[in-house]
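I am attaching a structure below and will ask some questions about it afterwards.
The chains carry the letters A, B, C, D and E, assigned in the order they are written, with residues numbered from 1 in each.
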Amino acid sequence: MMKFFKKQNLFCVVLVLCFSLTVFSFAQEKKEEKKEPIKIGAIFSITGGASWLGEPERNTMVMYVEKINKAGGVLGRPIELIVEDTEGNETKTVNATKKLITKDNVIAIVGPSRSGSTMAIIDIPGEYKVPLISCAAAESIAVPVRKYVFKTPQKDSDAALRILEHLKKKGVKKIAIMSEASGFGDQGRLQLKKYAPEYGIAVVADDTYGPKDTDMTPQLTKIKATEAQAVVNWSIVPAQSIIPKNMKQLGMTIPLYQSHGFGNPKYAEACGEAGEGIIFPAGRLLACDTLPDDHPQKKVLMNYKKEYEERFKDSVSTFGGHAYDALFIIVEAIKKAGVVDKDKIRDEIEKTKGFIGTGGIFNYSPEDHTGLQKDAFEMLTIKNGKFVVLQD
Amino acid sequence: MADPILELKDVCRFFGGVRAVDGVSFCVSKGQIKSIIGPNGAGKTTLFNVIAGNMKPTKGNIRLQNRNVTMLPDYKMASLGVTRTFQTIKIFSNMTVLENVMIARHPRSRAGFFSAAFRFPWMRREETSLIRESRKYLEFFDLLGKADHPAHTLPFKEQRLLEFARALANEPVILLADEPAAGLNTRETKDIAALIKRIRDTGVTVLLVEHDMSLVMDISDEILVLDFGKKIAEGTPEHIRKNDEVIAVYLGRRAEGA
Amino acid sequence: MMKRNIYIPYAVFLMIVLLAPMFVKNPYYLGVLVQVGIFSLVTMGLSLLMGYAGQISLGHAAFFGMGAYASAILTGTCHWSPWLAMGAGMLITACVAWFVGTPSLKLKGHYLAMATLGFGLIVNIFFLAEVDLTGGPSGYTFARIPHITFIKWTIKSETSSYYFVWGILLVILLLTLHIIHSRVGRALRSIHADEEAARAMGVNTAQYKVGIFILSGIYASLAGSLYAHYIRFVAPDPFGLMESVLLVTMVIVGGMGSIWGAIAGAALLIILPEALRFFQDYNILIYGAILLFIMLFLPGGIFGGSQMLWLLIRKIPGRRQEAKDG
Amino acid sequence: MLRIQNIRSFYGNLLVLKNLSLHINEGEIVTLIGANGSGKSTLLKSIMGLLPPRQGLIVFQDKDITHLRTEKIVRLGIALVPEGRHIFAPLSVQDNLLLGSYSRYSFRNKSEVMADFDRIFDLFPHLVKKRKQLAGTLSGGEQQMLAIGRALMSRPRILLLDEPSMGLAPIIVEDIFAKITKLRSEEKTTILLVEQNAEMALDISDRGYVLETGKIVFQGPREDLLENAEIKRAYLGK
Amino acid sequence: MGSIYALAALGFNIIYNATGIINFAQGEFVMLGAMLMAYFAAVLKLPLLLAFIVVVLLVACVGLILERGCIHPLKNPSILVLVMITIAASILLKGVTMFIAGKEVHGMEYFSGENTVVDMGGAKVPTQTFWILGVLGVVVCGLVIFFNLTLAGKAMRACAFDRTAASLMGIPTKRMVMFSFFLSAAIGGMAGAVIVPISMADYQSGAMFGIKGFGAAVFGGLGNNFGAVSAGLILGILEALTAGYLSSHYKDALPLAVLLLVLFVKPSGLFGSEAAGRLKKF
């Protein structure tokens, strides 16, 4: 009989635990409503397949919201940041968005981190009239323009254009494309294929790999057999660090171009010495110390880099920068609007002009919710394991 | 021999190189109790499986009521009236006693996914009559009082009875009983013997595999002895008891006196 | 007697479902409940397959995804009516289920698990690879999936979605309960208990197994269509292997062999992560821990557990639940 | 030698053995008869520590073994030949026997174990030719012999036999019973025999117990049991 | 790659053989092995051999803890419950790893130096491949010797076949189960440790190893170690061929489809015999 009772007790414990958890989380929210802070929501892929995006984004937001609040908040009111995790799953993203809007009553949302997730919720801001600034790069987020949806990262197509420009300058006529089988890789692949003819460049190979693959030699062997003069890889996952290694193993000497998704010092680290000489477009953040001092972004970038690295003991990545930009665009808009009103804030965001962010200088307009041009990208390369601005 | 219900002609079943059943021919007449005996591994259960359609014979011919049923799968055999009980009891433990019997009426009812989902009136009538008929069989085996008990709560002997009730509810032409006395004591074995006779008296032919010689000798009309997949003797109990070969490979000296 | 058995809980459940929106007004909570409804539909089918027929499928998210993609593509690219697309989705899924199920269900145990898992992966890779058809990894972006229209109401708001999804669920639930308590249900359970004996009773087990596989596939496909029209965006991610595993977990956590358990399991595993949002990063830990806990101490699932509790209250020394499944 | 005092054993919440007591003296063959479900196998499991009783005491050679683990009990010198034989089908005959000696095998007594092989093969000459064969390919009778041989490899002081005649042809059963008698006369092994085939079992044993629904309902020397009218009717079929 | 699948499959087999459990946390063992190896070798800069041994032992201990904590307390669990428990355990392991090691990707240099390749008939083969094959070879030989020639190995096989009978022989069955987890975790850890220079690892990479390893184990015929190794290698080769010559999209799908077909034709897996493949019902 003993065991029977024991089991029963444990069952009760579980029940009580579940129940109290739920109640607790409800109660928690009730209390907070009295302080009347300005609520800003954030949806990032903190866990799941894209956690390396969500993590720096969340960290950035948390850090700067604290900073702002310490400095007295906005319009005399503190900002309350509510961060939700998408777990890289579209259904969860939808839930998170609806929760932020209808339960937490946020006035604006930053995120999601990924294009797919953003596409999944793209109509929700419009439905509930809450401005949203996405940290995902895909062009389709801002094209066509949706009234309540903005984005901070540079456009994929601009990255593609920069790469193609550079290739043309180098006299490359034939390229091989590699891309990761994900929303990001897919978009980039399409952009490259679309614009390559305009630069007189032919795509002689087009291959993909899974985000969790660990060996790209089969694809690269295939490319090696073609006449490609350069490999352009479009990916955002760690797997891309394997490519330069594999290329070296195969004895391939043609240059490797990466997308802006390579913009994470960890990836360069993971490549080891095989990474030397990789060329890729990126925001200036990564190589901000090699920027000329008179560059308008230099101060912002250096500050952000310093603060982030001090606080989190971790190297800065461009993705965190996207969140930085989004947060300050919203803060600026609130200041300008003077009232905490979702529609007014939206209007002010749209009027943002000349805002110096980490990604570039933002100019939104009713026709353009991207805010950045292709000059926001700088061509970078890896020298001695460090990102530097490519000088030519 | 009048009226052969089941006829086997030169039936073989090989597993790789092993000849589990090797050219066995015999027939079972209507209303008979026929037993198959033989040492362990002689191919008795394999032969059962071949007849019931669980396994296809490698060679040979099986006829049921003058119809060729050699290659039919087991569930078809069941609907044609070949029903079996198992050596290790195989009742449906996740159902009630009544439901166990109702399953046996499966080939004699017709509700499918669609009609079940929408509960047409005819289907409801079918269900009611199913319950009525099934209770009749439970009554025959004195299990009616436990109709709503979960089947796995029955004591061993009653599970065996339930297996018979279920088999009978299938309205078999021929009942294949695989060691019905396994695990029963002498008294219970006698009950089973009486029961099998009763079943025979309702007009069902019975084919039996059994180790308990007292049971076999007591109730069989005819006995078939298998050894290494081959038939070594066939005949009445008296005949078998005196067969030298059978004594040598199977019965031993003691049985002579029994 | 049997009638009372199934209709009373059903009526109670009906009342709860109908009245729930009176207490839950927030669209977010309603949205979560809509998802509970959608997933319950899948787990109900899966529960029929697992709990009743005793077969396992680690590829059910594929059927779910096929329904969703069929709805998305047929309404978006081909401009079909959502209802027609839904039906077509179910038809396609049924055919695929038949095609896959016929050879797969001859397998047993881990081999069946592997076969269905492999099938699920292949379908997911198909969603990823056929960029021109499905939009590939970025999801279906060629057109917005339209709202569904029921008679004259457009199902757009959370409340209408709630009633729509749960309305469909209730109808299906009733049909499912009918199936369970019928000749077909008995045949399925007999397969679970002992396939050989079932065949010996004249049950065409192969046909029933494939039948129930198709049926559960259709449920999943229908749920997928509802999902597509509710979320209005489909991408391959939510139809992958982990989702299949999650679905199976829902059924087991809820308690195998009970349709109510399937609904309870879906509800728990949808609501739990939402409730755990509070814990941020820690939720994966807590989620894993809770799952482990349920499995360790309630192997019969929550429904098995609550039955045990009930038995205890009634002071009937019940048999141990776990002896039954397996 | 083995004394069981008032044990109560449960299957789940089902009480199977209700205050059961019995004892076995050194050198005896004791038969336990009873219907299916009367608790015979449960009793053996309780002795072996596979299903320890919740109450009561099991004493083996003045040592309390009630709650010892199975391994320990085997080491002390009790071996069970389980119902249905349970040989290791995928292993060879020799390996099966070798595993039988697991509880006392070590480098030091390797030769001793090897000598035991010969002892077993002497007892069951059938097995010699098949020592390299996989155990699963043996016939039922040979499997039963292997199972007994395997149990003997642990050099038990007392051997528990659960239904050794089950599913075997009469001629083989006779052979097995002959071996059991031989075991006692030659090896001086104490034996507890659980049998369905009551008549044959009682023939070779010294004493007997009758078990019904978890309780001993009758006990006594062989003659008493054979004479008892009730037992005759229920178990001997006379 | 195939070798890793083979190693993972072996891990599945060992636990399956001893307990009839499919341990879905097997992939996490590989992941843990990889993560720890990267940590010890790349961060702490321990000598390779020492790091390797420490890693394998640590992972094996995790296996032990898993058995003690999750499998052992269950008295009479059904197979399905066990499956779910191992899945839950793998989620937990993943979570813990995420906390301790973070979400980043970890990698390290090849054992015999970065970018060393051997030229084999025109194809360049990285040296790490030989390390992996070597480890696989050693593990396979070790297992063959253990299971066929030692008493403990035979006892484990006996345990796998019939646990009750084994305990009646005086074999400590519970310790055998524990040991099987220990062993299979150790093998998983080894696989992880040798693969990390090639593929790198993060806290999520376990799932893939798990699935592929499970696939290889099943297709090789569950419980059949020779089959597991062959099927693992075949799986790896098929993948490389598909990616190289057909479509990289379907690189994962095609080998799966091929193996599914095999399964349909021969339900007990490539090398499983009907009799040996005890089909467990869910």
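We take it that a residue touches a chain if its C-beta (ideal position, glycine included) is under 8 Å from a C-beta of that chain, and two chains touch if they have at least 3 such contacts.
Everything quoted here is computed from the prediction, not taken from an experiment.
*Asks:* Give me the fewest steps it takes to get from subunit B to subunit C if each step has to go to a chain it touches.
*Replies:* Minimum number of steps from subunit B to subunit C: 1.
*Asks:* Going by the average position of its CA atoms, which chain sits the greatest distance from subunit B?
*Replies:* A
*Asks:* Can you name the chain that lies farthest from subunit C, using the mean of each chain's Cα atoms as its centre?
*Replies:* The chain farthest from subunit C, judged by C-alpha centres, is D.
*Asks:* Averaging over Cα atoms per chain, report the distance between subunit A and subunit E in Å.
*Replies:* Inter-chain centre distance comes to 35 Å.
*Asks:* How many angstrom lie between the CA centroids of subunit A and subunit D, rounded to a whole number?
*Replies:* 72
*Asks:* Any idea how many Å lie between the Cα centroids of subunit B and subunit E?
*Replies:* 47
*Asks:* Please work out the Cα centroid separation of subunit B and subunit D, and write it as a whole number of Å.
*Replies:* Chain centres of subunit B and subunit D, defined by C-alpha means, are spaced 32 Å apart.
*Asks:* Show the residues in subunit E shared as contacts by 2 or more other chains, in ascending order.
*Replies:* Touching at least two other chains: 98, 249, 252.
*Asks:* Please set out, as single numbers or ranges, the residues of subunit A touching at least two other chains.
*Replies:* 1, 4, 47, 181
*Asks:* At least two partner chains per residue is the criterion; list those residues in subunit B.
*Replies:* Within subunit B, no residue contacts more than one other chain.
*Asks:* Could you please specify the touching residues of subunit D with respect to subunit E in the complex?
*Replies:* Touch residues, subunit D against subunit E: 48, 50, 69-71, 74-75, 79-80, 82, 86-91, 95, 98-100, 102-105, 136, 150-151, 154.
*Asks:* Spell out the residues on subunit B that touch subunit D in their complex, using ranges where they run on.
*Replies:* On the subunit B side, the touching residues are 38-41, 155-157, 179, 182-190, 211, 213-214, 249-255.
*Asks:* Touching subunit C in the complex: which residues of subunit B?
*Replies:* Touching subunit C from subunit B are residues 52, 54, 73-76, 78-79, 83-84, 86, 90-95, 99, 102-104, 106-107, 109-113, 116-119, 123, 126-127, 130, 152-153, 166, 170.
*Asks:* Note which residues of subunit A are touching subunit E in the complex, please.
*Replies:* 3, 47-49, 51-52, 55, 181, 207-210, 212-215, 217-219, 221-222, 238, 241-242, 245, 248-251, 266, 270, 272-274
*Asks:* Please name which positions on subunit D make contact with subunit B in the complex.
*Replies:* It comes out as residues 33-37, 139-141, 166-172, 174, 196, 198, 233-237.
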